[in-house]
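In what follows, structures are represented as structure tokens.
Look for chain A in each of the two complexes below; its partner is chain B in the first and chain C in the second.
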Partner chain A sequence: MNPLELTLGIMTAVGGFVDISELVFAAKAGSAFGYALIWVFAFSTIGIIVFSEMSGRVAAVAKQPVFNLMRHRLGLKLGLVTLAASIISNLITCAAEIGGVALVLNYLTGWPYLLMAVAMTALLIASIWVLPFKWIERAYGLLGLFMITFAVALVAIHPPWGQLAGGFIPQIPHGLSTKELLTFGYFMVAIVSAVMFPYEVYFYSSGGIEEEWGPKDIMTNRMTAILGMGLGSLLAIAILSNSAQLFSGINVDPEIPGSAALEAAIPFGKWGLVLALLGMFFAIAGAAVETCMANAYSIAQFFGWMWGRHKKPWEAPRFTMTWIVLFLAALGIVLTGVDVMMLVEFAVLFSILVLPLTYLPLLLLSGDKDYMREYVNGPVAKGLGWLYFAIITAAALAALPLFFLTSGGNG
Partner chain B sequence: MKPDGKLKLVSELLDLPLLDSEGKYCGIVDDVELVGGAGKDLELKALLVGPGAYAGRLPRWAMWVVEKVAGKRITRVPIDRIRSISGSVQLDRPGDELGLHRSEKAAGKWIPRRGAL
Partner chain C sequence: MRRVWFLLALAACSKGPQADLQYIKQARSAGAEWALVNEQASAGKLTATYVGSMHQWLRQQIQTASSGLTEPDARYAIEMQALLSQPDDAAPEELRAHVDKLKQIEDSLESA
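Up next is the complex of A and B:
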């Protein structure tokens, strides 16, 4: 297997795991609760691996991306509701990513934030226009690997490895007040949502079709899902652990992405900061591409248009118009001056509401022997799939009350 | 054929993507046209494609929104143009011949044909 074949998984995971929302939630989780939320990341990672593998397998065998299935399985009415909710969720997320990458550019250059947002949107549009899909995933996936700086920084600060490893055991810290317990609950739900963002599955399954996967690529799909998502999870856990070690004891609340970059500056000085900011720049830019493309894929697949960036932009004109308009709409949201962190909160909240509707049709189709033949879900995929579906449904039901009770995790 | 055979076919056809003979996506089966009457067999005559075909499937207010956003165009694809049905409906002609690529072509006029690798 060519290692470059893993770049779809790496881009999906880096864009999904260490995007603007994960940077903020992981750093805040570590600062507020030490290592106690690591297990939620690890647990959710298994969930996103299960569903990504399923969506890639369906793409390879049934040649169907997620949104085609969604409409066929849920019907037009419920399908339209899901489409509308996911468009809103992905658009808000894309706006948050554009705002996030503009903030990083602002940190790096000192130039005005809104100007950076406009310039970055133009650059992202140009990159998708010029590059075919394979190069989009390779460029953003490989450059996003600068984020490994955070894992190296974790080793350099010598964390208490025993305590860190203890964070992988499911737990709720003792001695929390009711208010703190609710905040812990909100973080659990937000992390599940941020790790299992629906756009990751839309992008991954569409990417499998862009790459013309067939049944021979089942193993590539499995490895890509496990290694890509595993790497993304490792980076998010590194950010959380750095934050637990560096910020927890001194009551620093890393509210903005710049605080996360300090995690590399403390052990490595200026160059650590620059590498961390470059990693954040490419990871968040990749996430902006991923969310916008996922949105355009969803719309085109729902209405049966020609789609894909393995074609030239003029060979799939409605798809091309859609992703350009979506980028401009996301930029429009940023230009209103809305706080990026507020966008992040809303993106996470909206996503968890869409999760059950995204994963149910996928579970049904990947378990359908008529479509999937010998590649139908085995007992492990079926058991884990339904377990995680029950968990995300419970999380979706708890999300809104917890959001309001904790003022979005701010206590 | 079993008494439920045709209805099952209809429910399995609805909302499947259409692929023409060149492998291009050209819409979704938005509705179907049936003919028949009391005491007669119900027969599938055509697939209906386009936002206008949502009319029987959405509440009136939602249809009003769809018409404002996407219009009410319907393209009729005769049933004998279907080559096979699986995860998608494969047609035996290019979409152009069946009038299925009109919106795509209209959008294509706005997209410059240069600069992409």
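Up next is the complex of A and C:
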């Protein structure tokens, strides 16, 4: 285990953890329910750690991508359903990320939003074309560490640490009306979805194959998943806590992503604002790359095409064409003029609906002795895996009714 | 469970102030954010570019909320129009006065 590589891997995971959906829902959750939803972030983070670790282990041991194994394990029909579901989910999410990053550029420069969306898509395509996989992952992830500004801002505003720590204990606040309870339920489901987006796992495991992981990398995989995602989750919790402290008493339910940047501007002024916006820019841009690449990886792996960024773009032409077309399709959705917040709502809603479908094959594969040999799921991974599978299935069933009953969390 | 089904049916076909509640909340929050932005801007904590962009997006939020109302002549609709008629650099107190009125309407609708 190379300590430098491990540290860089963990830092990359930290900087790349927060995306537009987590940013939006963390800020809204804090203003609506104070610290009471922190535990849902913590709980969902354990879920994404469990599934990421599994997917990395499958990549390291079976040395085959998840979607390729999925087709062999589940058969063509069920595999196709899973593929279609994950493509739609990732495409909507990618559009939300492109819209989000264009919005942040608009806050930074004042240049027109739609023009920024076109320019950013071109820039993202160029960066993937030019940079090798490790640099794509590292550049966005490490620059996303500007998001630490939100954690520093939290310390600077002196929150009630006791109450904040109490938020880690699973709870439903007392005295809520039926409508407020439903809204709380909707936020729980949305946070689970935003934290456990399936693209993160597919991108992570495909990255393992790109970097030629083997059984010797299993410990690195475990440390990166636990520490990187665990620490990254603290940034989302910092955004929630800042929002609880700064917004909930003054009637603000952050309606646009730019409101979150105020959390750093209030204690630190213009520098805080700019650093927070830069953090948001790189974190959301990184997520746009990950969603698009996760989609292209899934399609190429499922159909057995040549794939990977370790190859020159023209050495894997169908894979290259796929990620470019997916980026353009996501841009097309943004250019229709649909509201970014609506895209975020749809991304979160659709993801939770397909989440069980996308995680079940991974759970089956990592528990299959034929593929995994002595690295098959142990009792902890197996128990946690099935527990989280039951939870995301329940969340998927509750998502649509809660969405309609609460007008998308707006009461 | 029956109560949930009732609420679900109500959400699907409701009109009037209850159906407008989500838009009232949206406009109230956008107005409160606008006041906060102007307050922080006057303290020199925000860049002019950010302030200009936020004004544009927040105004759009209130406009969208206003155009979604099923009762465009209601008291809350007039408050939203009053918010929209404010200049970008309106005093935070002025904006908060409208926000407080929207909040009162919102609370009375929620407790009804």
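To be clear about the criterion, the second predicted complex is superposed on the first by the 394 of 411 C-alpha atoms of A that agree within 3 Å, B and C clash if a C-alpha of one lies under 4 Å from a C-alpha of the other, contacts with A are read in each partner's own complex, and residues count from 1 in each chain.
Basically, a contact is a pair of C-beta atoms (placed from the backbone, for glycine too) under 8 Å apart; a residue touches a chain by one contact, two chains touch by 3 or more.
For clarity, every value in this text was computed on a predicted model and none was experimentally measured.
Of the two partner chains, chain B is the only one touched by A:Lys77; chain C is not.
Within the superposed three-chain model, A:Met321 lies in touch with chain B and out of touch with chain C [touch as defined at top].
Of the two partner chains placed around the shared chain by superposition, neither chain B nor chain C is touched by A:Trp161.
Touch criterion not met for A:Trp386: it reaches neither chain B nor chain C.
Contacts of A:Glu255 after superposition: chain C is touched, whereas chain B is not reached. In the superposed model, A:Met306 makes contact with chain B only, not with chain C. Those residues of chain A lying in contact with chain B across their complex are 62-64, 68, 71-72, 75-77, 79-80, 129-132, 135, 300-307, 312-314, 317-318, 320-321, 371.
Note for the complex: chain B touches chain A at residues 14-18, 24-28, 30, 49, 54, 57-58, 62, 87-88, 103-104, 107-108, 110-113, 115-117. Only residues 103, 106-110, 177-179, 182, 250-256, 258-259, 261-262, 265-266, 269-270, 272-274, 277, 339, 401, 404-405, 407, 410-411 of chain A touch chain C when the two sit together in their complex. Within the complex formed with chain A, the residues of chain C that make contact are 3-4, 7-8, 11-12, 21-22, 25-26, 28-33, 35-37, 40, 44-47, 49-50, 52-54, 57-58, 61, 64, 99, 103, 110.
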